[in-house]
């Protein structure tokens, strides 16, 4: 059967800041600029989760997108939507919440919960219309 | 000369929460839901400022959009981008930072700074792709 | 208090056709073209419902968008999403399901279910990225 | 019958510059900035033409959008797409091709060619994602 | 000469349902949910066809996009736009019209009709803003 | 450290034409159609520059996007925005300004100016919403 990639998009709104607490506020500002604002800022994130696998001849699906949607909801969106990424998300604790680190953490967060018939191919995370990242996993796909 | 409306779009990213400090956290959560999260959340706002006026026969412009852009930047964007709307914006102090109140405050913030040849027609503010408000001024246009 | 307009967006996917059953298939095709295809076609509709009202000084809201969202869901989306507009929607029975008639029917469908503090201002319905309609009510607003 | 507004969107790509030939290049640059570049620049314009009228009970249409599309194509798009707005469009001759003047000219260009059952309500013209104008006709609607 | 990928986008509107006629309606609903609705539903599909090849030094083109557009139109869009994918498209007969199977069928449908100087690289098919698939061919590219 | 791709988007507006001056106007029109119009046309280009590299454990960044933004601005946008690509851009001289050649030229223009810790992965250039190209470098990535 052909191998196809399937993408499910999710949206969420979070507060965060980029900073290191072992640096002074001046050092943080110098390296991270406005993104280190101690009073936080936030974003409407767009998350695309792409999985890859053979098309099931019985259903025509690589994966039931309702299942992928549910995994992304339970493992990611419910934890981060209308939350502070630095203060309220256990699986981001101790992480500088850059878009890069956030995407890698989302990868780790969902890869074990996907149906066994698919392989996680890509996590794409858009922070603003002009800034985005994609992570293809530890083997760079 | 014909009267035309001209719109300039701006983007900014801010943190906020919707709450009243004269209410308990439970009351806030009951009325405002996740939007009252004490640890904040945030958005990529889209702001459209529309002005209306006669086309200047000398330039073909209702207004120089560089001027409108500069007014929106100096009076609004510089104050709110990568900021906490509840804690860091003097002209929002004492306001519940709903999208409605925020749009009205932006109207008040810019109407006195526009070129005298135009009338502020509309402030459109999108908080998420699914939620937006528009304010047409105290006379409802 | 200032009067502000608040818009909630919804998405749904439906099948339909434009035709009159008192016309022959040839007549239908001549007037409605491909849109009259007896085997149906369909769209991803975008629906913007805009309500208008005074900002409540206690909450900063014209309306709780969760309520508007719920009204739009219960009165419209649940009835039309993944449905055939011609065959399965009681409140469209006997109607030629043009985007115009559909928007007017949505207006009638929701206006009685909105909070009493707001007035329905506009129903905007996009059928394709290039085709859309807006209805401002029987008094043309 | 209810009155509804119907919008048809068109796209085109054109070159232009904003300048007055009775001004020196320095004067043009001072007033119009980069937009006066003698070697031209260009845009992907988005044009929304909105007409208003009663819904025809026989068809459910305010207007056949194929007809509106054809009018916009013949009277506007065919003349401006992949053209130089300053040099090649007879109905823009002698006009400073600002977005304002262009929108007014498009209004004049199409209003006489529309079906008699509709009234031209609005010409919306987007020059860039951040800059747009709308014209509601000589009576400001 | 450098190898570059070129993408042409097309839009079309179709009705379909996801179901197996060797299953009962209950089984279909259990597996496919609302997508199996016997009365159909539909979508505004977005199709991106990406081809890859060396840049022709004589023209600067990998391929004339007018040619790619024409192939996509003749081999795909003309057959599916305003059609029922289950009932009216010979090259989808016997196929469960999931987005996955549809994308694979589009690949097969166009790869033999492309200019010999390019290789089909990817078929991307968006069913809704939140659901999409991509197919890179039988060798997974 | 994980390897992540980071994308920065930029916008610019330019005039151009596709033609060879060693061909007659008729030959140019035959091959390039309206794109060869001697009076120019233009576009709102969208440029996505994607770099790839390990996440710096000290900052959580693959690259400071302010730096990428600055490189793209200084090496590309400042040279082409509101300019004529055929007449005013030294690094496009002698090039047929197809989207393909333009993307390759942008690659060459920025790859030497990026931080040493990242590798340029992709230049994506959208000329119109329906036409775009991507270049992955001389080794096809």
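For clarity, chains are labelled A, B, C, D, E and F in written order, and residue numbers in each chain start from 1.
Keep in mind that, in the parts below, a contact is a pair of C-beta atoms (placed from the backbone, for glycine too) under 8 Å apart; a residue touches a chain by one contact, two chains touch by 3 or more.
The shown structure was predicted, so the numbers you read here are calculated from the model rather than taken from an experiment.
In terms of the stated touch criterion, the partners common to subunit B and subunit F are A, D, listed by label.
In terms of the stated touch criterion, the partners common to subunit A and subunit D are B, F, listed by label.
Here the C-alpha atoms of subunit B line up with those of subunit E after a rotation of 180°, rounded in steps of 5. By number of C-beta pairs in contact, A-B leads when A-E and A-B are compared.
The pair from D-F, B-D or A-B that reproduces the interface of C-D, where over half of the contact pairs by residue number are the same, turns out to be B-D. Computed from the mean C-alpha positions, the centre of subunit A lies at a distance of 34 Å from the centre of subunit C. Taking the mean of the C-alpha atoms as each chain's centre, subunit C and subunit E sit 29 Å apart. For the pair subunit C and subunit F, the distance between C-alpha centroids works out to 42 Å. The multi-chain contact residues of subunit F, meaning those touching 2 or more other chains, are 129. Every pair of chains meeting the contact definition is listed here: A-B, A-E, A-F, B-C, B-D, C-D, C-E, D-F, E-F. Here subunit D touches subunit C in the complex through residues 2-10, 55, 58-62, 64-66, 69, going by the rule given at the top.
Contact residues of subunit A toward subunit F in the complex are 18, 20, 31-33, 95-101, 103-104, 129-136, 138, 140.
If you check the complex, the residues on subunit B that touch subunit A are 11, 13-16, 34-35, 37, 39-44, 81-84, 87-88, 128-129.
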